[in-house]
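You will see subunit A twice below: alongside subunit B first, and alongside subunit C after that.
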Partner chain A sequence: MGSTGKIIRKKDLNIWQKSYIPEIVKGLRQTITEMFKPKFTIQYPEERFKPQPSFRGRPVLVQENEVERCVACGLCSRVCPALAIEVQASETELEKERYPIKFEINMVRCIFCGFCEEVCPEEAIVMSNEYELVFSSQEEAVFGKDKLLMTTEHLKDRLEFLRQNR
Partner chain B sequence: MIERTMAKITINDKMFDVDPELTVIQAAAQNGIEIPHFCWHPKLTVSGNCRMCLVEIEKTPKLAIACSTRVADGMVVKTESERVIKARQAVMEFLLINHPLDCPICDEAGECKLQDYSYKYSIGYSRFDENKVHKPKRVRLGPNVMLDVERCIMCSRCIRFSDEIAKQPVLTFTQRGTHVVLTTFPGTHLDNDYSMNVIELCPVGALTSTDFRFASRVWEMSSTDSICVGCSRGCNTHVWVRKNEILRLTPRFNEEVNSYWMCDSGRLNTFKFVNSQERLHRPMIRKDSALVEVGWDEAIARTVSDLRSFKKSEIAGIGSAYATNEDNYVFQKVMKEIIGTKNVDFVQHIEENSDDELLIRADKTPNSLGARQVGVRPVEGGSDIARILKGIEEGSIKALYVLEDDIARDPRIAAALPNLQLLIVHASVHNKTTQFADIVISCSTYAEKNGTMANFAGRVQRLRPAVATLDQDRAKDGFAMSRWDKFASQNDRWGRSVKKDARSSWRVLTAIANALGAKLKYSTSEEVFKEITDKVPSFKGMTYVRLGAQGLNMSVSESVSKPRVTA
Partner chain C sequence: MESLLLISLIKFVAYVSVVLVSVIMLVYAERRVSAFIQNRIGPNRVGPWGLFQALVDVVKLLLKEDIVPKNAYKPIHDLAPVISIAVALSTFAVVPFGNTIELFGNQVKLMIADVNVGILYLLSITSLGVYGVTLAGWSSNNKYSLLGGLRSSAQLISYELSMGLSIIGVLMVCGTLRLDQIVLHQTTYLGGWLPAWNIFLQPVAFITFFIAAFAETNRLPFDLPEAEPELVGGYHTEYTGLKFGLFFLAEYANMFTAGAVITTLFLGGWHLPYAEYLGLSPTMLSILQVLTFCVKLVLVELFFIVVRWTIPRFRYDQLMNIGWKVMLPLTLVNVLVTGAVILLIH
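So, the complex of A and B:
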């Protein structure tokens, strides 16, 4: 153990290696082969990336039969490591007794960890496949229920994925 | 002192000398050993039906319930043996068979005994595959209490409370076995003055408050130790605050004052005005017959110049039984020593025959005794409240300074107030008196300042700021802070709150006195209190630290504490 601090080189480069020609040829060969392989880049924004169901895009509220599944229990808000979620509960005549009169996610704070989805007892908040988020002010980045609600049809893939991987 | 034979008992291999009158659970609690229990409560009779407090007692064949077993000399108790742990797990399993798994939507979650014990004493999973029994939900037991029978674990605490403490025996169980249902007798409602205490008594979320229902999760609120200002009892409370708004009050144990209880009126009617939209946001001055918001400097300068234009004998000061001792002390000092008037008194608000045997007092102000003690009473030769009123009516008193009291609720005073040439009022919300006022000082409420109040029996207790104002941040002592309050930043809507531009009355009065030429040097309410303890004998030896969470009794001299007639 312990190093002497001295760099030991097996042998010096010979004159052929010192010319760098073999390395240049090796590099060029790599470049030329890649040139004829099929491309995997896409021309955004003309072409859009279609994520897999396992993708964690922006969190949304699941809307089923015209109402949100959410019962405003606040567990997502509690588990959120970035404190992005604010929920205010209120009473409803429906069997679920409570619903969120206010549900806000601050998308500047959100880190897309998916803990909210994992903790939700109602599968009411899920990670969608939407990744395009543009806002021009802090205020605009706070998404209320109007932007968060998404119907079950839109979220079919993700809900199916969650069912399989529960 | 009479020598009592103490019983020597052993709990978990430790020897204790205890009073032989006690039960095992009481003896254990006295010595810092917690035996889990649902149905037992120190202030209620023993019913022994939850079976959670089973302990092993040597030389008895079966496990015994600690709540109804009297200690005996030489008794050896084990609370953590394998048999006990097994038995507890079995009890928990039975309790959880029909208890719905709806903690996420239950208001009790976070302060639920069943939830806590599930973590501590349960096996952690359910073996029960069958369907749970369904029972009525959303049953309104009374105006302030909501019942969810499915969550009930049949401990009967609420039944015993209504029966024994509130003296309104309207609750009972019907049916048998797993079908037991808590209900009121036909034609009755749980509507006594203390009905909401069953909400804290309930170890689960079966009984919840209609007022607080779904308002917030328990862990989202910060709690500050305070006292109730609904009457002169001064019940100890927790003030629960989220986003700088009070959401509920709950009683805090103090055997000397309110034990575990609190009345519904105090719980519901003493905090809403703090959050109210009617709050004064800044000081106000009457300009062209309308009150206009102004800055503090302008308000103080106007007060000083207006007061200077009257003779000493034309000015009177009315202190307040709603204000703290500190506010009242500085008030009477400024009135008597700096302005120089002899006419200082305060109005009592007594609702005759509204008191009861448990907590509620006829005196509806929290600090009438304290106000009198610190010197809000006329100087020799000065006018008391009746003569001040007469003076206003006759025109000999032309300027009136009113501290934190809506005196115009009394029709006779309201009729007299227009005679005044100058009315200065300290108030936190717009009220009848501010309608007549020329200058209104926006002052902090009881929940926004440091201070002390003395209840009817002379118990001096602390107030702590639970809600922040621009002037005063929240108390960090006796304060359980929520995650929101810890981490909120400027940009977070959930952390943003409106802070009122209100100041403690003693601070405003100090500024006014100094503008009048005095040299008062108070910078905290604690300094004012220090001066009170030096000057007023009944407060002698007290400090904020010594008052602590439970307060201290003052030594009341007979001459000043004798009851008076209401104005």
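So, the complex of A and C:
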């Protein structure tokens, strides 16, 4: 409703178009066809979202032949922008010579950026496809080695993805 | 006389329970259909297909705390939702949902109140509904509520006119104010095959009445009194718990009544075309007719819901423009043309 000047149109509408009816009918047809289309909703507790390999879930330590790959170099801890990772190294008889005696990720601090995975020279820490993280206290949110270790079979998709895209 | 009282009582109790349950189901239907239109599933957890969702919501509203703002005018703040719901529920009383039936030797009309000025009753009661909304907006002492209430009164006044005028066309065709007579008038056939529903006799009146009904029930595209992006919640911003629930219920009861009135006035009420030729027993026929009424009502309500998700809200000036510059002249011309045609025929 411009108060000054004439409204300029590229094309003048005829009276049938001005009556607004054809556009309403078009809109109604659209709405009604939408009604019968398949639904996007995933009904959570029964159905679960299966993430793609590119999904960044909670970071885990790769476990190969019953031991973790990690050599406790501390790069992940250094690169972590949220200061969520704490590593303490120790010596071992194995070929890799060093291993983390303590490896903790504070999942309340973690921002799922994946920097730790990117920086890791041993491909020892990767982002899994797990996204259901529930804690009832701050202490419970600190994941130790017991919760972080995950076998290579479980991480097959992610490791394959990393190999192809890095 | 006693049996008459008893019948009225039974009808009243049945009516209140049926209308309240249907209104609650209407809330459920709205949520479900809206979800389907948006490619969602909608409430499906409580009971089979989520049918009890709306019922549970009512319980939730009942249990909630009732907050009255400190500076609100309490008596009117309490009164407003009562006005709204009373008006919404009493309008349905004159709508016939079936033909006259013979029950235990009594002629029973399938409507609550057989008022001889049915349409006038309907119009006057619906226009009382604006008091509930406006008083709610004013007594809340909140600028958004007040704006919602003001918009509502302006909107209802503009659209009541064209609503009344579009009904006049129907009255001229049917020659009566009784709603049951209007339905009976629609049970004849035009040219032997087309049912003489007023939608065919008065298409312009039908469209204008339908648009006015949207405005009267505060439904999108005319839901300016409660336009969420502009006015928070509109006139019921300051209402909680049961009182908010009453407004909510009144809104849907209004929608229900609007659907019933449209069905009665324009879509032939309980008339199922050609059903009288099927040779059914009178009882079967009246059951069929009541069912027909229900089906028509449900279809109209579904249309209300689908339109809600199709047409965006009008701007306030556009609303007034349509009301005064388009609808009013259109209905006036319709009355004139109808009068001329009736004069020519007789």
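Assume the second predicted complex is superposed on the first by the 136 of 166 C-alpha atoms of A that agree within 3 Å, B and C clash if a C-alpha of one lies under 4 Å from a C-alpha of the other, contacts with A are read in each partner's own complex, and residues count from 1 in each chain.
The rule we apply is simple: contacts are C-beta pairs under 8 Å (C-beta built on N, C-alpha and C of every residue); 3 or more make two chains touch, one makes a residue touch a chain.
Keep in mind it's a predicted model, so treat the numbers as computed, not measured.
Asker: With both complexes superposed on chain A, which partner does A:Ile24 reach: first (subunit B), second (subunit C), both or neither?
Answerer: So A:Ile24 only meets subunit C here.
Asker: Which of the two partners, first being subunit B and second being subunit C, lies in contact with A:Glu91: first, second, both, or neither?
Answerer: first
Asker: With the two structures laid over each other on chain A, which partner does A:Ile32 touch: subunit B (first), subunit C (second), both, or neither?
Answerer: second
Asker: Is A:Thr41 touching anything from subunit B or subunit C once the two structures are fitted on A? First, second, both or neither.
Answerer: Second partner only.
Asker: One more residue to check, A:Glu160. First (subunit B), second (subunit C), both or neither?
Answerer: The answer is neither, since A:Glu160 touches no partner chain.
Asker: Contact-wise, after the overlay, does A:Glu118 reach subunit B, subunit C, both or neither (first, second, both, neither)?
Answerer: neither
Asker: Can you tell me whether subunit B or subunit C touches more residues on subunit A?
Answerer: If we count touched residues of subunit A for both partners, the winner is B.
Asker: Would you tell me the residues on subunit A in contact with subunit B in one complex that are also in contact with subunit C in the other?
Answerer: none
Asker: Which part of subunit C faces subunit A closely enough to touch in the complex?
Answerer: 33, 36-41, 306-307, 309-311, 317-318, 321
Asker: So in the complex, the part of subunit A that touches subunit B is made up of which residues?
Answerer: 71-75, 77-78, 83, 86, 89-91, 96-98, 104, 106, 108-109, 121, 138, 142
Asker: Hey, which residues of subunit B end up touching subunit A in the complex?
Answerer: Going by the criterion above, the answer is residues 104-105, 137-138, 213-217, 219-220, 483-484, 487-488, 491-494.
Asker: Enumerate the contact residues on subunit A facing subunit C in the complex.
Answerer: Those residues of subunit A that touch subunit C are 1, 24, 27-28, 30-32, 34-41, 43.
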